[in-house]
Each structure stands twice: as structure tokens, then as C-alpha cells.
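Each chain carries a letter (A, B and C) given by its place in the written order, and its residues are counted from 1.
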Amino acid sequence: MSATGATAHAHVGHAGHHELGFIRTYIFSTDHKMIARQFLFMGLFMMIIGGLLALVVRWELAWPETAVPGLSMILTETGGILEPSQYNMAFTMHATIMIFFVIMPILAGAFGNFCIPLMIGARDMAFPVLNMLSFWVGALAGVLMLAGFFVPGGHAAAGWTSYAPLSAVPEYTGVKWGQNLWCISLFVLGISSMMGAINYITTIINMRAPGMKLFRMPLVIWSLFITAILLLLALPVLTSGVAMLLFDRTLGTSWFKPSGGGEPLLWQHLFWYFGHPEVYILILPAMGIASEILPVFCRKPIFGYHAMAFSMIAIAFLSWVVYGHHMFVSGMSPALGMAFTVTTMIIAVPSAIKTFNWLGTLWGARIRFTVPMLNALAFVSMFVIGGLSGIFMASTPVDIYIQDTYFIVAHIHYVVFGGSIFGAFAAIYYWFPKMFGRMTNTVLGHLHFWPTFVFFNLTFFPMHIIGVGGQMRRIYNPMQYEFLQHQQHWNVFITVSAFCLGLGQIPFVVNFFWSLFAGKKAPLNPWNSNTLEWTAPSPPPHLNWGPTLPTVYRGPYEYSSPESRDDWLPQTAPPVTAAGARRH
Amino acid sequence: MLDWWLPENVSTYGQEIDWLFHLIYYITGATFVLVFVTMLAFIVMYRDRPGRRARYTHGNTPLEIAWTVVPALILVVLTFLSVPAWSKIKMHVPPTDFDVNVTAKQFNWQVTYPGNDTVFLDEMHVPVNKVVRVHLRSQDVIHSFFVPQFRMKQDAVPGREIVQWFEVMKPGKYEWPCAELCGFGHSGMRGWIYVHPPAEYAKWAAENLTAAATPAAEAKPEAKKPEPRKEGKGKK
Amino acid sequence: MAAALLASVALVVQRPGPVNAQGGGTVEVTVTYNGAPVIEKLKVNKDTEKCGTEAAIEKVVVGGNKGLANVVASVPTAKGAPRMVKATVDQHGCKFVPHVTAMMPGELELKNSDDILHNIHTYSTANSSINKAQPKFKKVMMEKFEKPEIIKLTCDVHSWMLGWLAVLPTPFFAVTDAGGAAKIENVPAGKQTVEVWHETLGKQTKEVDVKAGQTVKVSFEMKK
């Protein structure tokens, strides 16, 4: 279904060219590109906070009950030594911030907003005002979440998974307002994400340029489309769940409290019913980004475009029926456990298909090792490791041992850092020229990538080892356990690597800000890429293109096509002759 | 190499868990090597060099089918291999006459034996080579009964009783941590399970599990015997 | 005229006078109990270097002459200036020392002189409950208790630890010693009620007539 010309023209008419003041241009903008930048800045800012929290956690694990450098100003009562309740708060907030306020805003918020209209040939989102609201509601959620650090009793400390009754009864943690703010913030964020999801789905279905059939859409758009559907269907469940939790905490209800007839496991079902689709929400855009970047720097089409699209659909479908694998030892009926093992093993198949297709894209290629490409290759390789470690947990008997150990922490970080974050870095380096009209510095890009890749592996791979050794999650002092003392040196090794990993992000910060103001001005299409966004100026003006929208004649990955002397053939290049039946 | 770090297994069903762990380890290890070697080879062989043009292809359907079916088959087989162990460990408790009650709380394991009022904190005594049936409860939040060397883990959920079992093949003293975040005392919440040869167990039981003694005791500390103690909240 | 004004202002403002106001008497309280002591014993597996291998939970402590220790004696009808003495509870040897502490509404100093993780978990209704960890490197913690109430003190890390905090509306209180005796000084003269409270044996009250400069003795016999 191609875009309705009527909608496109209506946009041109409505926007007019009246001068918008500073506030309407930079603060309450309804332009998808500005909103994208806002999400990006919010996500990157929160990443600093989430990262620092991780370093606090890592310090404690390596050197328990010693003063954390730099914290003596804040933790005045103990001279900088973290108390156990504060440790619980640190890992809870590290995960909450990274998942909800870093990865989702950057991948879905920033790149969803930036890429969708530009890559399908639309002038903006279907609902620009709703789009603007979705950012500001999300920013409000961020403020609420950060506020929890400043209330008496401290912030939420029941884990990002917030299991009840620990989270439902303030007395069990000693945390009062922090956990309430956690609930309220996520409630508000859910609204923001649902608004965004509605926008993305509507825009993709209704506003594609002429010739942009569904199977000519770039795979990153497919991934964002499917992600939006998952967001729309999963978030209401989380939103309801956190509301119920808040009521248990403040209004005397007993959804999750056995003392009042409630059921603790109900929280887990609600949370993971959202939670598992959520992790696919976190990875699918990154998969799309990798599928986007690999063809460009391999100079050949993506291997198996249809398989790639269908496998993402399969992952999305299956994501609803695997959530019980988080609950194998929870007390849930073991017969259900049996069913979830089956579905969880099956969901590995579409991911495997994708991996092989990425390898197929590399085969016979002409690979250019640009900074975006390096990050995309890192994504593929690290995601493989994360996916393979998941197989251990899919087998219920093995999961009995592995559940709640550091093996899980290793798996999580290989997929969300190794996967989503490298995907985010790849996207930032790739689209920076189009977003900001400037090139990033290649040397700084390498100075960022290589330490990140090396220290990422040095930090997280040993976690598989200590997890197999039995180290539990969420403890702050492994030395309290005799069976863990022999592997404590791994914790020290991991912490040192983690600090190096943190330092390795400095070139990225420098590169980002320096390039924003002093980077080389970007040409229209620095990567010689086929997709539509590269036909708009760098950066695109309001309404993206001039009077005429682009027309699409072919799929997005026609690199090294025999029909062109160049090794690329844009989607918008008119066909030379009516020669030959072409697949797309 | 990863398996070097597995603690010694001393339980019957732990052997099946370890077998599955190793099987998955070899399969994923082989896959890892295959994918990485291929990727590295491609990255080197197909790097951009002047005068070359990339191979223009959109895919290969037979290959697509192959690498869908083969992983699917491997995973289906893994599923079938996992089912018997799961059923044995979590769905069927072998017949036995040895029961023990464990009620978790912030931040201790409270152990009692049927017919005896004494509450033992953070220690359990069981005979070797006997199926031990555990009645697991919690009186406040979710905790998790984890004994690494038994390959045993089960969440203790307030409001319900969950029955689990284990059978240990080697006498010894085994560490028993809590594996589910239960508050600020989670780190350090830990008990010990003592597995005794039959004669030694009989001796321990005779000394410690006599029927309820007099409730009042002298103020001076007594030799070994813990007095019976009414533990109010635990049993629901 | 000025003097009258000043006097009336003084009356209205009610500035608290010095503690040893003129006209106070001494109340000597003796509490006895005819029954047997109740001390529950438990084997300890955690932090044995500090807690030992056995814990004793002292619920009813009877000393010489059947004196009942750990009883809070107070004169709730007497009003006076707040005491300057700081209330302190120490977690020592995995016990709350003292087992029973009496204080006026205000701040309590909580000490952890063991080198291990303890926590303060209070059970109360008028005051909000507290559940806070006190790790070994946090040797002193201050907590506020603003409302009169009897509060139970526990430690979740060492579940046998039990203590009591009596937050009293009057500065006239004392806790009985091992012999069951407590002395409350400078009680305002006149008819007063003396109240005694024990954690398991309950409360009792008696009327006394306090005379300035003199000691009045009052004894209670607690029953099961």
C-alpha cells in the first residue's frame, strides 16, 4: 500500500513556513527529527548515570565493604562505604535506568523517530503533536525516576524486576517513596511508549512514499514496526502491574500480598508477560540496525531479506509465549515449565536464522571497516554469544542451577550491551552525518570502539565462569560464602575491566560533542547508501524534502547490482529501461 | 573449560543436570567456534580491495531452509532430553519417610522436623543416601532454597507450601545460600546442610530431636541441647 | 503592673523550669515475681565469632528476692522538663544492651559495637516502623521516636535478638535492675500514679502520694 498523496500534501500545506520561535523549534518541537535528538540526548545522559551506578556495584563486588572512591561526600555516615540497602538500590537503579531510560529512548525513541519518516519517504510522523507529547511525557518519567534518589528512605531496592512481596510492603525493604516513584515513573513512561507506538505503526502503514511497498522497506523500519507493535501490546500489562503494586504499597490493597489473600506470583506473571516482549523490544531495533549497516559496508544486498523480515515477525509472535522461562523455579506449576521450555528452545531458531543471514551478507562482500561497520560486526558477534548462553537456561533442569546466578547476568549483558548498545553505537555513528550535518571523527571512533569491544568482553565473559561456579545475583559480598571465595579473583578482574570499559567511553563523549560543533560538514550521502534518508539534505530541513516526495523503484539493498556501473543503486533512482523482471 | 568451575555435585539428580549442562556446553561451544571462525574468515577474505566487486545475490533458499531446520532439530532434541530430568526433579517426589520443614524469613532458614518443636536456625541435618522431602515455606518475602552442590534450587513463596526433594550421595557439610533477593540481608543469608552417614545421623537425632523438654530453663547457658521454642509466625 | 504582666506571660509561655524543681520527692519502685524465669535458648550458626554458638532470649529475668528485672516504671501523671540524658541502645554480642530502654520522645542513639552486620527493625503503630541495616562500619545511627509508645526492637539478621523501647510521655521513669528495684527522683509532689510495664507480664498501676523531700516506696507483684 503506497502512501496517500493527500496526506503528504496536507502536511506541506499545514506546516506553512511561519517562523516558529525558539521554544517551538527546540523545546516543544513537533518535528520528528528534533524529537529524535531529544530522545538521543536523554538516553545518552541517562547512560552516564546508569554506567556510574554499575561501577559502584562492581566496586563493592570486588572490594566489599571498602570506601567507594568519590562517594565519601554523599555517604557521609560511613565515609563512603556502601551499606547493603544502598547496594540493592544501586543495582536496581542501574538496570531500571539502562533498560527504560537508555536503550528504549535511544533505539526506539531516537532512531524510531529519526528513521521512520525519512526512510519511508514521509514528511513527518502521522501525529506530530502526539510525538512531541511522547517525548515530554517520557522526560517527565525520567525526572520522576531521578527524584527517587533524593527522597528519605532512598530509591527502589527490590531489583528492576521488583518481585512482590518484597516490593509490595514498604517495611520489608525500609524503602517508602523511592519504590512508589519507581512505580509512578514507569506508569508514566508506559504512556509515553504507547503514544510513540501508535505513531510509528500508523505512520508506517499509511504514509509510505509511492513505490515503497512493505517488502521494499529497509529492515530497520521492519524492526521498528514490529517493536512498536510489541510496545503497544506489552506496556499496558506493565503499566497495570505497577499501578497494582503502587496500590498495594499505598492504598492497602493486596494484589500481591498473601497476608491479604493476594498472590506474589501474580506479579511475576504480569511482569514477565511484559518483560519478555520487552527484551525483544530492546534487541529488535538493534537487529534492524545491523541489517541496515551490513549491506552498506559490504556493498551487497542483505542475504535473505524475506527471511530476515519473517524471522523478526516470528520472534515477535513467540515472545508472548516464552515468558515463563523466567519463572522455572518460582513455584509456578512445573507442567507449565515444560511448555515454556519448548517455546523457549523454538525462539532460538529465528535468531539463528538471522545470524546465518548476516554471515551470508559478509560472504563474497567488499567489506569497509568504517566505525559504524565495526560496531555492527560487534553487535552480530556479541549477540551470538548472548544467544548461545540462553540455550543453557532454556533447558529447565540446567536452569535450576543457573537461575539467579551470574550466568544470567552474563547472558543479559551480552544481549543488551553486546547487542543493543553496540547497535545503538553503530546507529549513532552511521546516522550522525544525517542527523547533525557533520561527520564524526574516525580516529576517536576507533579509540572508542576498540577499548569498548575488548573491555566489554573482559568484563562480561568471566561472569559466565563465576555463574557456573554458583555466584548468586544481587549479593554484595561473595566472600561471605565459602564456596565462592576461591573465585573472588574473577570479581576483581571483572571490576578492573569494567572501569577500563567506563574510561573507554570518554572518546565517544569527546567525539560526539566535538563533532556536533566542529565536525567536518557532511555531504548528502557520505556512505553511498541506497536508502531514502540519504536523498534529503544533511541535516534535513523541516518537512524533509522539497515540494516532491521521493518515488521508490526498488528494494533498499541493491548494492553491486549489474544494473549499475557504481556499486550502489538508490531506491529512488529511476529504472534505466523496463528491462527484466526484478524480484522486488 | 567453563565446567571446571562447577562445584562438585553430590546429589543423585545433579548428575542428570550436569550431563545436560555438558551436552549444551559442547553444542553451543561447537556452534560458537563455527560461527566465529566463519565470521573471521569472511572478514579477512572479503575485505575491500581495489578491483573487486561484491557478489550480487539476494540469498539462497535451500541454504535458508537448511539453517532453519538443522538448528530447530537440535533444539527439539535438546527439549526432549530435558523433559525427563525436569519431570523427575520437580514433578515427582520419590516415596520417602524423611520430611523436614523449612520456613524462610528475612534473613534465616528456620528448620523444624515433624513431631518436634525445636527450631533450628540455618542448619539442617539429614542422612546420606536417603530421599529428603522438604516442605518449603516463607513467612515474609520470596527467598530461594539453593544448594549448589545438590544442584537444587526452589523459590520459597509466602502463602504457599512447596514440596521439593533431594538425595545426597556423599556425607559432608554443604553450603545453603538464599538465591532470591530478599532485602538488605540477602547477601549473607546462608545455612548449612549436614549430611551424615546413618550411624552418625542416628546419634545426632537422639541428642537433638528428643521430644519437647521443659519450657523454662536455667539462666546459665546449657551444654549443647537447644531448648524447644515456639516459633509463631512461620507455618502458613 | 509590669510584674503581673511578666508573670502572666511566664505562665502562658510555660518555659520549662530546671529539672530539680523545688518540691520533688523520690519514688522507689520494687517489682517482684513469684514465677520462674523464662530464658529461651537457641543454637546460633551465624556470625559465631561475635554471637557465640548459643543465644539466650531473656523474657522473664528474676533476680535475688524474686526481683523482676527489665520492668519500666514510670509516673505518667507527672509532668516535667525533658531529661538531658541521651538514650542509647547498643548491639553488643548480638544482644540489645540494655534489653529494655526507656526514653522520652526524641532521638535514640543506636550503636553497633559488634563488627558485623546488624539491623534495626522496629514494630510500632504510633511511630512509623523502621527497618534499617546497620553494617559494621556504621557504628552509630540516630533514630527519632516522636510519639509515646512501647516499641519492639528486633534484628532480622539475628532473629533471636529482642529488645524493647519504651517511649514515655513523662521524664519520670526508670528501669528495674537485676534485683527488681528502680528509683525515680524529683517527682512532683502530690497524688501520682505509678505504672509498671513488663514485656510478657503486662502492666500494673498504683496510686502514690509523693511528698517533697521524702521517699515513697511502692511495690508491685507481677502475676503470670
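Here is the rule we go by: contacts are C-beta pairs under 8 Å (C-beta built on N, C-alpha and C of every residue); 3 or more make two chains touch, one makes a residue touch a chain.
Just so we're clear, the structure is a prediction, and the values are computed from it rather than from any experiment.
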| item | value |
| --- | --- |
| Between A-C and B-C, the pair joined by more C-beta contacts | B-C |
| Most distant chain from chain A, judged by the mean position of its C-alpha atoms | C |
| Euclidean distance of C-alpha centroids - chain A vs chain B, Å | 32 |
| Distance between the centres, which are taken as Cα means, of chain C and chain B, whole angstrom | 46 |
| Centroid spacing, where centroids are CA-atom means, of chain A and chain C in whole angstrom | 56 |
| Of all residues in chain B, the ones touching two or more other chains | 106, 183-185, 188, 190 |
| Junction residues of chain A - those touching two or more other chains | 83-85, 172-174 |
| For chain C, residues that touch 2 or more chains besides their own | 117, 133 |
| Residues on chain C engaged by chain B in the complex (per definition of touch) | 36-46, 54, 56, 58, 61, 117, 119, 133, 156-157, 159-160 |
| Contact footprint of chain C on chain A as seen in their complex | 65, 77-79, 81, 83-85, 171-174 |
| Interfacial residue positions of chain A with respect to chain B in the complex | 83-85, 87-88, 157-159, 163-166, 169, 172-174, 258, 262-265, 298-307, 329-331, 334-335, 337-338, 341-342, 345-346, 348-349, 352-353, 355-357, 359-360, 362-369, 377, 380-381, 384-385, 388-389, 391-392, 394-398, 400-401, 403-405, 464-466, 468-470, 472-477, 480-483, 487, 559-562, 567, 583 |
| Complex interface listing, chain B residues touching chain A | 2-3, 5-7, 13, 16-17, 20-21, 24-25, 27-28, 31-32, 35-36, 38-39, 42-43, 46-49, 52-60, 63-64, 67-68, 71-72, 75-76, 78-79, 81-83, 85-87, 89-91, 106, 140-142, 144, 146, 148-149, 151-155, 157-160, 162, 175, 177-188, 190, 236 |
| Contacting residues of chain B [partner chain C, same complex] | 105-108, 119-123, 183-185, 188, 190-192, 215-219, 221-222, 226-227, 229 |
